[in-house]
Amino acid sequence: MEASRPLDTLNNARDKRVLVELKNNKQYIGKLKAFDIHINIVLADAEERIDSEVKRKLGSVFIRGDTITVISPE
Amino acid sequence: MEASRPLDTLNNARDKRVLVELKNNKQYIGKLKAFDIHINIVLADAEERIDSEVKRKLGSVFIRGDTITVISPE
Amino acid sequence: MEASRPLDTLNNARDKRVLVELKNNKQYIGKLKAFDIHINIVLADAEERIDSEVKRKLGSVFIRGDTITVISPE
Amino acid sequence: MEASRPLDTLNNARDKRVLVELKNNKQYIGKLKAFDIHINIVLADAEERIDSEVKRKLGSVFIRGDTITVISPE
Amino acid sequence: MEASRPLDTLNNARDKRVLVELKNNKQYIGKLKAFDIHINIVLADAEERIDSEVKRKLGSVFIRGDTITVISPE
Amino acid sequence: MEASRPLDTLNNARDKRVLVELKNNKQYIGKLKAFDIHINIVLADAEERIDSEVKRKLGSVFIRGDTITVISPE
Amino acid sequence: MEASRPLDTLNNARDKRVLVELKNNKQYIGKLKAFDIHINIVLADAEERIDSEVKRKLGSVFIRGDTITVISPE
């Protein structure tokens, strides 16, 4: 996930598992399928975690960009 | 709900039941009828849930995009 | 209130009674008279409710879009 | 205060007394002298109320739009 | 401070003492020297007040517009 | 720090020591080296203060504009 | 990290270790690999700290700009 522009970095992470953290402290882990310039994200095979504990299996999930704080490879 | 751009993903979910979560922790479940680039959403046959408990039947509901955190198939 | 774009949906609700919920948990019920792309809303014959209890009769009210979470037919 | 676009509605309220409510729960009552597309507002002969109690006489006051929730005729 | 557009109103207040209130409840009183369309403000001979009590003499101060709620003549 | 537009004012403060206050109540004091229209700021020889107490020496620091409330000469 | 525009400053910090602080008080320390005009940031060899304590090794991390308060060389 290293590149000269932040979005290149996300592009390199396509189809890999990433951890997305939200302002409300929820975490979503899944395979990065899509993103746009607003950092709206789609994950596949996703699960929701709160305090590192799995709360729900979600299949796919659309995450609105402005609610995201950080994205990192799992 | 897999595609290369996040909005394609929402497009594939049209007329299917989705779960929309808000920053205020309310959840709306219903059939996805419409959305736009701001992620404003219209659901049909919707119900409002708080802590997974059904609070209200709403028929249709317009949800303002900037209040949404995640959208997932039910 | 069903259509392919969210604003068409609001357009179909013109002159009908709707419930508008705000981020501060206040609710305004009234006849939908006007809206714009920012989802600024004008209701006529409106009343303000807090926890489902009528607090005030308002006649007409202008509601700033960015304070709105959901809009639904009453 | 009825019209087909929300700003027409504000225009019809010019020189009439209106109640402006803020996200911080303060209320300003005064004669509507000016507004713009950001819903920045100027009131004349204004007073500030908190919990419906008059706190201050202000003469005129400029209110920044993004702090406003609702505007209604007094 | 009366005019047909809100910014005209600020323009008429140039070089006069105004009270600027912030979302964090701090108040700045000083001579209005400059403003722009974002309502960024510069005051001269300014002082900071919290709960109407003078906390600091500031000379001049730049106030970022999006932190402001209201501006009124002192 | 007096001029007809707020950014002129910041320009006049270049290379002088300023106090930058943030929405989270932290303060940064340092020499103003750079700013832009978003009010992103770079200070040199900076220190962080909380409740007027020096917490850290920082060398230089980049401060994101939307987190700033006020900027004043020290 | 001194230059006439804030983004030049970030540019000079490329490939150096920086400390990024977020609105939620988390800190990320790592090598600055990428940034854009929204101040979206990518760090390599990053770790997350809360109250100056290392919580997690992250490898690389994408940080959304609007959640950032300050960036400084470690």
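By written order: A, B, C, D, E, F and G. Residues from 1 in each chain.
Everything below uses one rule, namely that contacts are C-beta pairs under 8 Å (C-beta built on N, C-alpha and C of every residue); 3 or more make two chains touch, one makes a residue touch a chain.
Quick caveat, the model's predicted, so the values are computed rather than measured.
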{"item": "Required steps from subunit C to subunit D (each step between touching chains, minimum)", "value": "1"}
{"item": "For subunit G, the least number of touch steps when starting out from subunit D", "value": "3"}
{"item": "Centre-to-centre distance between subunit G and subunit A (centres being mean Cα positions), rounded to whole Å", "value": "18"}
{"item": "Distance from subunit C to subunit A - Cα centre to Cα centre, in angstrom", "value": "33"}
{"item": "Multi-partner residues of subunit D (each touching 2 or more other chains)", "value": "66"}
{"item": "Chains in cyclic order, anchored at subunit F, direction fixed by subunit G", "value": "F, G, A, B, C, D, E"}
{"item": "In the complex with subunit G, residue positions of subunit F that touch it", "value": "22, 24, 26, 28, 33-36, 40-42, 44, 46, 58-64, 66-67"}
{"item": "List of subunit B residues in touch with subunit A within their complex", "value": "1-10, 23, 25, 39, 65-66, 68-73"}
